[in-house]
Structures are given as C-alpha cells and as structure tokens.
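Presented below are the structures under discussion, each in the form of structure tokens.
Each of the two complexes below includes chain A, the first together with chain B, the second together with chain C.
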Partner chain A sequence: MKRTLPLIITFFVGIVMVGEFFIPHYGYRMLTDEFLQWGLVLAAAAYLLGIVNLIQVNIPKITQRKPDWFYKLIMLLSLAITLAIGFIGGQDRQVEGAAYRWVYSSVFTPLSATMFSLLAFYIASAAFRAFRARNLDAGLLLGAAMLVMLARVPIGENLPYIGEGLGHLMNWIMDVPNTAARRSIFIGGALGAIATGLRVILGLERSHLGD
Partner chain B sequence: MFDFLVRFQAMDRRWIFLGMAIAIVLPLLFPFKMPFRVDERVQALFDEVDRLPAGSRVLVSADFDPGSRPEIEPFYRANLHHLFRKDVKIVVLTLWESAPPLVQPILEEIAGIYGKTYGEDYVFLGYKAGREVAIKSIGADIPKTFPTDSRGTPVERIPVMRGIQKAADFALIVNVSSGNPGTKEYVMQIQGQYNLKLASSTTAVSGPDYIPFYKAGQLFGLAAGMPGSAQYEKLTFPDGKVPGGGKLMATASMDVLNLGHLYIMALILFGNLAYFITRRRD
Partner chain C sequence: MNTARARNCARCLGAALLLLGPVATAAPPTDLRSEAPIYGGGLEMILSWTPPPDDLIGYMLLRGPTASGPWKAIEPIASDAIRHKARVVSDPRREAVPETVFFRLVALRADSPIPALVPGEASDAAAAESEARYVDSLLATGDVSAPVESRTRAYLVNLTPSRVMLALIIIAAGVLIGVFTRAARRGAELYIRRIPGIDAIEEGIGRATEMGRPVLYVPGIGELQEMQTIAAMLILGQVSKKVAEYQADMIVSCCIPIVREVADEVVKAGFYQAGYPDAYKPANTRFISSDQFAFTAGTNGIVLREKPATNLYLGMFFAESLILAETGFLNKSIQIAGTAEATQLPFFVTACDYTLIGEELYAVSAYLSRDPRLVSSLKSSDYIKVFCVVMLIIGTVAASLGNPLISTLFRIAE
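== the complex of A and B ==
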C-alpha cells in the first residue's frame, strides 16, 4: 500500500491534468483548478520540509566537527535569525531601518550581488585560459563569440565602416544558427519531458518515491 | 620572446582579475557615453506598451533578485515609468521569494512620482510559492492564486483587480525575469494555452534562449541584459531625464560593458596569438 497508493494518486492527478488540454468543460476546469490550489499548498509546505532537511543534514556535521562545520553553523544561525526577524517584523519590509529591511538590504543584497559580480572576473579568467582555436569547430565558435561580443556593445556598433554590418551579422548569428540550435534543444527537451512524464504517470519511473 | 609568451599563457589569474577591475572602475570614473542603437525586439516591446490605451491593465511579474539587479532593475523601473505615464493600471506579483523587498519599494516610489493611488491605479499581490504550478494557477484563476494582496486586502475589494479573473484578462503581461521560474516557464505553462500577449526582460545569459520564443510570436518583445534595459531607457526617456530625479542606470553602465567586453576580447585574442606562436615552435 505504501507504494501502490502514491502510484494511484500520481496516475489519477497526471491524467486529470493532461485532460485539461483536451476537455474544455467548465466542471472539469473547476477540478483542475482545485488540483492547482493543492499543488500550491504542497509547494509552500515543501519549504518547511526543506528547513527540516537542512537541519537534519547539518546538525550532525556540526556536532561531529566535520570539515567546514563552522560554515554550516553560520548557515543555520543565519536561517534562524532571518526566520525570527521575518516572523516578528516581516510586515515592516517597507519601513526604512526596520530589522527585516536591514537584513535584506545590508546583508542579503550585497552578498547576493557580490556572488553574481564575481562571474565577470571568473569569465575573464576562463575565457583567457580555455577559449583556444584548437580546431575548426573551436575556431568557428570563437569567431562567432568574438563577433557577438563586439557587436553587442556600443563600441562595436560605432566602428567606422563596419559597425552597421557587424550589427546585421550579429543579428543573423542570433536569429538563424542560434535560434535553430535552441529550438532543437527545446523540442528535444520537451519530447524527453513528455516521455518522462508518461513514465511517471504510468508508474514506470519511480525515483520520486525513493526507489 | 618565446619564454614571455609561454609565461603569458600561464599568467597568474589575479592579474586578469586586476585588469577586469580596472576595466569596470575606469568608465565609472570617466564615462565616455557612446551612442547605441535600439534592437528590433526592444523596439517591439516599447511600441506595444506605447499603444496601450489609458485604463488598460497590465500584469508585471517581477521575478528577479539582487544578483541580477544591475541588469534588469533599470528595465523594471523604465517599464513602470512608461506604464504609469500612459495611465495604465499595473498589477505586480512575484514568483521569487527574495524579490518582494526589492520590487515593492520601487513600485511604490515610481507610483508616488506620478501621484498614483494604491489599489486604484496599482497593486502589489506579493509572492507566491509553487514556481510552475503558481504560473499555471495564474493562467487559470488569479483570485484563487492570490486571495489577498501583500497588505492582506482581499483581491475582490481592490478596484484595480475588479473583473480580473485570469491572466488572459490583462492587456499585456511583462515578465521581468532573471531565471527559473520566469519567461520560459510562462511560455511553456500558459502563454500558448491562453494565447497571452507576453513580453520579457531578462539577463544577457538568458536572452539567446528566448529569441526562438520571440521569432515564433510567443513573446511580442524582448529586452535582454543591460543593453536591452539601456535601450528601453533610451526609448522611455528620450531627453535623458527621469521624472523624480532618478538616473538612467543601464545607460550609465553601458560604458562598463564596453570596456569589459573589449578586455575579454583582448585576452582571448592575445591568448590565442601566444598559443599559436608557441605551438608552432613546439
């Protein structure tokens, strides 16, 4: 029963939700809407599960002084403090100087922005070390990348004689080869998602049950 | 010379970082304000918003966080200015848990500049967990997905929400998106099913992913990365002046992008030159 019941629920919900696209009936729509609301409640509950999981995984590592235990302690403390501030003063997020606003603008925002900004430095380093025209394929990729990089910024657009042509060439690269490649990836991915979805609905794929 | 080229290829990456830092800081100190053209996709987005009659209602799904702020917050700001200036009613929501403290103050600030009233002219519905399920639910039934706004007022009592039942009831949907859930999920889950007029402002990394959606007509406009935001600013504020005394943030950052791109291109170019010269010798 522990296995069969989730499989029956998955099959039933999956079939009903797929049916929405083929059965344009008001009553049926009410049913799928209700399922969506359940889905939202479950998604919100997943946050609680996430917190429980985070604590379960990290507390033993802290108590046993495993590698990087100190960072895990900081993470759990940050979680607890942010959660407490959110519960006590989360409604004051618009109020200048309120604790929640301070945590967001003075801690979270700079940390988050710093992490993202580091990309610029690592991309520069990676491009210098790895971007080599070792063969024809790599050479084509490099040529296209250089063209797009140059044409995407005003300095490329404003180059005398070739600026406008460079822009057209970049648009062609983005609109034709890029679009063709992305479309094929999307369509391939979508077919894969349909196959996986069918396997889940039919109970052939059971990894979500922990198998 | 040969030894130098070999050493150059194995250069300590801290020198590369230093060069990048200089390329970023220099144009901020000494801006050179180079003119730039507006992309066809950004122009299409602007034109569609510009054609909206006063009183239309637009849904803005502001799904970004502080990490992507420099790239797409300028678009979000310019778009809100544009919509309020057109006297369009705005409904803002977010699917990113870290977005509300970022997007709500901006909405309030810009609404204040145009003297707009909360609830009458605009509303912030807040955050909804559930990612793609939430998007699907927005397509089907907004009052059920967001029973109250971020202040706890039931949506049926909010004038701007009157008559709004589902995503298709909006004249346009603008997704300011820096990842998942975002534009791709909106397109996959509800754009096609409900034939929605959807536009996207996204990061430079995601831009090429969404071009196929634009080419297929699933997006009516697309502003990608800082250039996309700067171009939208250029169209929204042709005289370069922002009401309320704000700055054209993306436009000002285009110089940084200029030098940053040139620096990376120079690294690649010289790296390859050194590689070929030393390889031939080997």
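== the complex of A and C ==
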C-alpha cells in the first residue's frame, strides 16, 4: 500500500492536470486550480520544515565546535532576529523606515548582489579555459566568441571599414546558428519532459519510491 | 474575505474624487465585439474594437449584468490594444457564471476622471459607493462605447487542431511505450546510445568511495512542479541507491523546502532499497536557503568545507550555475551537470567534466536503471523526435510556400 497509494494519487492527479489541456470548461479549471492551491499550501508549510532542518543540521555543529561553527551561529542568529523583526513589524514591516525593510534592503540585498557580482570573475576564469584553441571545435568557439564580444562593445562597432559588417555577422551568429541550437535543445527537452511525465503518471518510473 | 476583496478592488481601481472640471468629449471606441473562445471555458471572452482616432492613455473596461448596467470597472487596458481577453466573473468560486454579460469600453484621456485611493479602514459601503461614483464619472465623459452583449459558452472539449495533435502525440507515446516494453520483455535488445556523462555518475560515486569523501547532489533551484526538478528527484533515487551500495556519503543541497522534503524521502527510500537503511543520514539532506544567492553561498560553503569528491548538478539552474561549478572546479571535484536551461549550458560545459544537455537529463533515470519499461519510454520519445523532425522539415517547406497547416497543428499558445 505504501507503494501503491502514491502511484494511484500520481496517476489520478496527473491525468486530471493533463486533462486541463483538452477540457476548457471552467468547472474543470476550478478543480485543477484547487489542486494547484493545495500544492501552494504544501509548499508554504514546508518552509516551517525547512527552518526545522536548518536548526537540526546546524545546532550539533555549533555545540560540537565543528569547523566554521561560528558562521553557523551567525546564520541561526540572523534567522531568529529577522523572524523576530518581521513578527514585531507585523503588516507594516514593508513600509518605508520599518526595521524589517531596512534589514532586507540594507543587509540582504547587498549581500545577494555581492554573491552575484562574483559571477563576473568566474566568467573570466571559465572563459580563459574555454577559449583555449586546442582543437577545431574549440577554435571555432573561440572565433565566434571573439567576433560576438568585439561586435558588442563600442570599440568593435566603431572600427573603420569592418565595424558595420561585424555587427551584421554578430547578428547572424546569434540569430541563425545560436537560435537553431537553442531551439533544438528546447524541442529535445520538451519531448524528454513529455516522456518523463508519462513514465511518472503511468507508474513506470518508480525511482523516487526506491524501486 | 469579500470585504477585503471589495476594498482592494476599490483601492486599485480608485473611486470618488473626480476631477469634475469641464470634460472634453471625443470619439469613443467603436464596433466593440465579443466572442467566446473555445479555450475560455465559459469564463473568458475575447473583445475587439476599433480605437478612436485621437491619442489615448488607455482604456477602462466596464462589465454589467444588463445593457443598462449597473456597471463595474473591471480592469485598465493599454492604449495600443485592439483586442483583450476579459473575464465574465472575477472569481467563479464566489459568483455564479452568468449566461449573458455586457461589456463597455471607456477611452481614457489625459483629462479623464482619475481613481483615488480609498483608505484601508473605509467601510465596504464607502468603498462601493466611491467605485460607483468613479464609474458614473467615466460614463459622463461620453468616451464610452455602446454595450456589447456577450453570451458565455463553456465548451466541454477543446478540439482545435493543435490540441488534437497534442493528444495524438501523447497517445502515440503511450502506445509506443507499450509496444517497446512488450518487445523488451520478449527479449529484444533496445539500443540506447552511450551517454558518457551518465556513465561517469557511477565512476564519480566510486571515486568518492575510494577517497572517503562525500558526493554532493544539487537538484537545482526550481520549484518541485518543474519537470527538471522532478527529473532531478528521479535521478536522485538511482544515485542514492548506488551511493548506498558503494557505502559512500552523499550530501543533498536544496534551495526549496518542499524539494528538500521530497529529496529526503527519495534518499531514504534509495538507502532502504539498497539494503543499507542504517547508512542513511537525514542531516545530509539539507535546506540551505530559498534565496538564489544565499543558497549558492551555502552550497559553495559545503564544497569548500566538506570537499566532496564528486559534484552532481542536475536540475533547473540559473545564474548560480557557474558560481557553483567554478567553486567545484577549484575544489578539484569530478563534476557532472545536467540541465534543460539552454542559457546555463555553456557555463556547465566550460566548468564541468561532463554535461547532460537538455533531453539527456530526462534520460538519466531510465539509463541508470536499465529497466526495460523505462528504456522503452526513451525509445518511444526517440521515435516521436524523428516524427517532429520530419514535421519540422515539411512545415518549413509548407510555410515557405505559404501553407500554414503544419504550423497551425503545432501552435499551442492561444
């Protein structure tokens, strides 16, 4: 039963949700909306479990003084303080000047932006490795990348004689080979998703149940 | 609940405070038409109209139960629109769906009445009254179309060509799966091309075992209902079983709490199925943060502190892909990534040892299990892919010759 019940539920809900593509009646859509609402409620409730997991994973590391335990303490304290400020702020926590809003805009947002800005350096180091012309494929990649990069910066656009042509070449690379490759990945991915969906709905795929 | 909704509605649409100065009357929108589309399901109507010749700042759509009202301001519409999808009721759970409904369209100009905010503490009656005054002021401008009667029609089945085509493809996939499964059970060998990235997963787990270091599994940052996340959970089932058989450790780093809960169950089931339930460690399936970059920082922390020998990034990734993969590269981990996000594939290809591109992500679970039923589904999707390629070629030729039949068959968006 522990195996069969999830399979029955998956089959039933899966068929109902696929049916939405073919049954446009608003009564049916209300039913599928109801399922989606249940999903949202479950996902929201899981945040509580997420907090429990954070505490369960990090408290032992703090008490046992595992490496970098101090950062875990800061993380749990930040969680507790932000929660407390949010609860104290109540419905007005997002208004201008509220402490919660300050935490979000002056602490959280800059930290996120810092992480994101690392991407620039990682792109540089990854590009250095990717653009080594070791074989024909890598040489083509390097050539295409150099052309596109050059055409996208003002110095490339303004090059005498070839600036305009460079722009057209870049547009062709982006619009023709690049778009064709992206679409082929998209179509293949969509078909793979259909096949995976069918496997799960029909109960053929049971990896998630341990089979 | 209705109180809050009415107040919100009034707050958004405004009311009261009319600028009741002299209002210039100009031409209203004309020829307002209404059509019940099949996909509308009885709730949506397609409105079309001829715009007035002068400059507008937008339109306001009014809806009423009769041709003479009472009218309710439903939603603003952009000035360049000549078609709009309108709902016949705001919420079918709370209002009965009428058989007939009337719409009017008001042209908004710079001197049109403007809505005002209603204080949150205002009563329902006050909010409704101010909304009614706003509607009256709109009607008084004269920039309003004649009412159009809309008969709602809820179709039971959508039999447009594209939906029929989609149904046929799904049925064909199901039939092909059945045919190939039967063939496999009779002993026929179903060929699947070798995918080095998937073969490397087992090698990676073996390497982690030899080095006495964990395997890191990141199922992306997509919500659970995303197909790539579902695929990542299916792969996790196979991977956790292999990890248990090798008696290695595995850390699963999750960005979405409900994904962590599911991942935890999947890993637990994998360890039980492999016969090593004692080796399962719940603390190794971790929720890090639901924020993209906080999650990235936390996962990078795991890479740098716990030094996994193998990193598996399988699922839906966005800007964090390269930050994760480069950190893993610096840690000298074997890295295998898989995603259907075309924008992130170059990053993974650059920084990882193996990358599963698009559809390969969906094939991993079947490939690893070698279960004939699952392998047959790969074969069926290959045949449908061949069909799609043939249709693409025919459709391209037909569209170039001016025949839109094939493109109509595959157009899902409405």
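One rule holds for everything that comes next: the second predicted complex is superposed on the first by the 192 of 211 C-alpha atoms of A that agree within 3 Å, B and C clash if a C-alpha of one lies under 4 Å from a C-alpha of the other, contacts with A are read in each partner's own complex, and residues count from 1 in each chain.
Heads up, the rule we're going with is that a residue touches a chain if its C-beta (ideal position, glycine included) is under 8 Å from a C-beta of that chain, and two chains touch if they have at least 3 such contacts.
Worth saying up front: this structure is predicted, and the values here are computed from it rather than measured.
On the shared subunit chain A, the superposed partners chain B and chain C overlap sterically.
In the superposition on chain A, A:142 makes contact with chain B only, while chain C stays out of contact range.
When the shared chain is aligned, no partner comes close enough to touch A:81: not chain B, not chain C. When the two structures are aligned on the shared chain, A:100 is found in touch with chain B, with no touch to chain C.
Touch criterion not met for A:162: it reaches neither chain B nor chain C.
When the two complexes are overlaid on their common chain A, residue A:29 makes contact with chain B and with chain C alike.
Residue contacts after overlaying the shared chain place A:123 against chain B and chain C alike.
Of the two partner chains placed by superposition, only chain B is touched by A:175; chain C is not.
After overlaying the two complexes on the shared chain, residue contacts for A:191 are found with chain C alone; chain B is out of touch. By the touch criterion defined above, A:15 reaches neither chain B nor chain C.
Superposing the two complexes on chain A places one region of chain B into the space of chain C, and among 19-27, 37-45, 55-63 or 181-189 that region is 55-63. Common to the chain B and chain C contact sets on chain A are residues 21, 29, 39, 43, 46-47, 108, 112, 115-116, 123, 125, 127, 129, 182, 186. If you check the complex, the residues on chain C that touch chain A are 38-43, 92-93, 97, 154-158, 163, 166-167, 169-170, 173-174, 177, 181, 223-225, 227-228, 230-231, 233-238, 241, 256-258, 260-262, 265-266, 268-270, 272-273, 282-283, 285-287, 290-294, 296-297, 301, 305, 319, 322-323, 325-326, 340, 342, 345-347, 349-351, 357-363, 365-366, 369, 373-374, 377-378, 380-381, 384-385, 388.
Residue ranges of chain B in contact with chain A, taken from their complex: 11, 13, 16-17, 19-21, 24, 34-37, 40, 65-70, 98, 100-102, 104-105, 108, 128-131, 133-134, 136-137, 140-141, 144-145, 193, 204, 208-209, 211-212, 215, 227, 254, 257-258, 260-265, 267-269, 271-272, 275-276. Contact residues on chain A toward chain C in their complex (touch as defined above): 18, 21-30, 39, 42-43, 46-47, 49-50, 53-54, 56-57, 60, 67-68, 71, 108, 111-112, 115-116, 118-119, 122-123, 125-127, 129-130, 181-182, 185-189, 191-200, 202, 204-205, 207-211. The part of chain A that touches chain B in the complex is made up of residues 21, 29, 32-33, 36-37, 39-40, 43-44, 46-47, 93-94, 100-101, 104-105, 108-110, 112-113, 115-116, 120-121, 123-125, 127-129, 131-133, 142, 145-146, 149-150, 152-158, 167, 171, 174-175, 178-179, 182-183, 186.
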